[in-house]
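In this document, chain identifiers A, B, C and D correspond to the written order of the chains, with residue numbering beginning at 1 in each.
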């Protein structure tokens, strides 16, 4: 994946538009005219939906257009092509808020990946509905915000959470085994910018207690799914999934143990792909340019 | 798996009873008293259900009880322990009927495995609701029986199929991409002796068109499941499952292609495990002693 | 993978050249100028080797340059860029010769895939150093050529094989568990056009009896590898690999059985990727544009 | 796996002896006579080696022989059968020393698993040849011992390490990406009680820089292996292995990143299996009773 020359700064365009002739050429021409050296270029056409998707990453070194003017320069072409697009720079560090409850394995995993530079972003806060995991945030010198939630307080607490996220300038919310369903209002604030880890192979076992239900059903594999959160519970666009083998010898406690290893890796992959701007979501699907 | 000395004939006891002290000892004692040399011994306790399961395979060479009298000798102990049990000999070749429709990949695969001795059983007939695959049966010198099925004729045709299976002394029915739902009456004739391959990772995408629905949902893995058929569609005890990775680049046709490789292997594993007497089904679960 | 509109004829350019600015643009421009509608476009840069690789597939419908003149039209640009390139059309059916010995599982598998249209090519002959598998070729109406090989006759027999392949206009040779080492001379006749399946996870267990050696070593996974054949035994560019789990319970015979399922799938994937022009080999590596 | 009734204390016998009739019976009889309720019973026969292996775990509740006298009671039978054996109790917590260098992912992972009770043992010290990872030990309140090693000091430093391990009563040494080859003398002190994680799919890429060599070779999968350390580098008995898919897009840095996830899980599985007394090593192989 890392065709990007280490240490170099790159620009990345994520594009989506109606399929039509000459798209690859028009985009390549725009970059070529200004001396852009492409380091990653991928595209996909959804024939059924008649949609074209593309991700182009190029080296800013020697690119004729100053970075602050690239967007303005690209806009006219984009509008001619009816394109939805996003421009990002590799030295930007999206700001991340981690939402957790009482289970710490995903939190510990993401904090570790961040500490060794594996995540292309900055974790700026840990938010929880419980006190349980404060020490992990403290150990990393991160603010830990607790918003206890009950049926009565949920609405008000979510408003406070949204205010906090706005204050912190958060770009990405990661639900790292956060055991609360977030409201439609909350989701609306971060469209395709809230990543959840669900501990099943979706669409199997949507909702609560997937491991207990997997054990009850007698499946021979269990899974985990990282996906963008939408108002429909566990039905958002899937970014990544994986599975592990289980047998009749595995009690629910064993599924939970094996599942922890899956959840950590599947969530981390989803977060990394998002932070590297490799994911384009549309409808309840994703295009993942890895 | 094949601890069985090649060429030797073995006896296998499959047992299930309420959990209680001394089960392993009582069974081992029965074999030891008659000089049985155990070649495979495995057991499992479902703590929640309070059930004990065991599979013991021993060498008939030097076993004091003549094979025709082993069942009678074991019966008293079994009844004292409240045991459901089954006695099988490795030189018995269960008789298999393959049910197919128009897709040939599972049929070709099973016929090949049988031809090289990978299946511990005899395929005695291929049954279909279409003419399409007759040549495959002919090429192997197998009878090919066609029972066209419509809503009106289904009941009568199934009766004819059951009569045929009885005539042929069939022990196991394999639905190798047979595109008909078999009736409760049909299932009742072969409890836990009808194996189906479903082209999804159950319980996801039960029912029709799982690949199209998996594509629509945007999953990142597709699966296949071999299971015993029960009156509840796609809800029988699962024997084996596996998955393969897919991406946004894969159209439904690609899922179908990738799925063929999964279906063949997952069905063949399920059939092999059943034929080697390694599967104990209870409720909608299985214990697989591999 | 199948972005290609079903039924449409496409052209595919496989390109390799020194990395330099404007490559994507120059190629896109060439196609755009003649109204080419790109259906698949992928590229890769090996930063260490300073090499650029690209695969572009476009719809011939509405392309201004007649197919017979596309190569001539592209040649000047290619030479300016110092490019090695290959032009293929989706309605071309590469001619395939299958080499086998006594094991039939890969042969049966490839013949089946061909029969259902999964392979984008024509199997024109089966070649063997034994009579054993003639019936499989007969059943498909394919010529079966036997060239018994001994140390003394090897050179002469290979010359006859090469003459046959030339007569048949063979484009691709598939060693489907062919138990002979082909000579450097033979390999020189089909550079990166001979695909072999090796029954181990290369580079582990190169050479003879990989399953026995894997069992002896006590590995917990066994593998299979499909690769282009070079003069250095089992060291050619790897196209595809996969593995399956084994345990202490698995005797060598079980590894062989499990391995058959791996070999079939890994070889078939390698052959399919080659036939769809998705593989670019360089040095002892491959770029696989799937 | 966890058939063990939660909260109950169990005894486990790990046994190995020449294969002979009646072994299962003799062992079951010993337990039955004293009212032992078996919760896990597994066995394996290596036909080639003529060896029998067994693991039996039973509930101490209601077992007639006091735990301190079980060994003495079993010894006569064991010696009659020519058995090598080991008796363990589930409430024993083996004492573990973690050896590390500069990479922290395996250390962080094992410390986390230990903190949530996933490891059936006590980490009593972290030993390193560098200062780098001290803070991780401090954060868990664990002693961190540094023994810088050069060619000249190696022998003397290892002696000090062995003295420390003896003082601490260490039962298991885990080399969690410890970048030093331990000497034959060191290994002799902990036969089959030193577990190493090697970052390749052994026997491929033994020795240094496996990821760089895997990239150079162009493999399509990379692996990790946890094994007992023997005097022969990377040739000890393998406990667990796993792999992950890579492609031409993956630079060495990507292999390292993907490998970290493999290493953590494969090492942790190996350590867990050892601590649960599920591994029997013989020659350069293991029997893993999971």
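Basically, a residue touches a chain if its C-beta (ideal position, glycine included) is under 8 Å from a C-beta of that chain, and two chains touch if they have at least 3 such contacts.
Just so we're clear, the structure is a prediction, and the values are computed from it rather than from any experiment.
*Asks:* Between subunit B and subunit D, which partner chains are common?
*Replies:* Chains in contact with subunit B as well as subunit D: A, C.
*Asks:* For subunit B, which other chain has the most distant CA centre?
*Replies:* Of all the other chains, the one whose centre lies farthest from subunit B is A.
*Asks:* When the centre of a chain is set as the mean of its C-alpha atoms, what distance in Å lies between subunit C and subunit D?
*Replies:* Distance between chain centres: 42 Å.
*Asks:* How far is the middle of subunit B from the middle of subunit C, if each middle is the mean of its Cα atoms, in Å?
*Replies:* 36
*Asks:* Hey, what residues on subunit D touch two or more of the other chains?
*Replies:* Each of 3, 44, 47, 249, 251 in subunit D touches at least two other chains.
*Asks:* Going by the contact rule set out above, which residues of subunit C touch subunit D in the complex?
*Replies:* Interface residues on subunit C, with respect to subunit D: 44, 46-47, 201-205, 217-221, 223, 237-243, 247-249, 251, 283-288.
*Asks:* Which positions of subunit A touch subunit C when the two form their complex?
*Replies:* My answer: residues 3, 5, 21-25, 28-29, 31-32, 35, 37-39, 41-45, 47, 245.
*Asks:* Under the stated contact criterion, what part of subunit A meets subunit D in this complex?
*Replies:* 1-3, 6, 104-105, 108, 112, 116, 118, 139, 249-251, 253-254, 257, 261, 265, 268, 290
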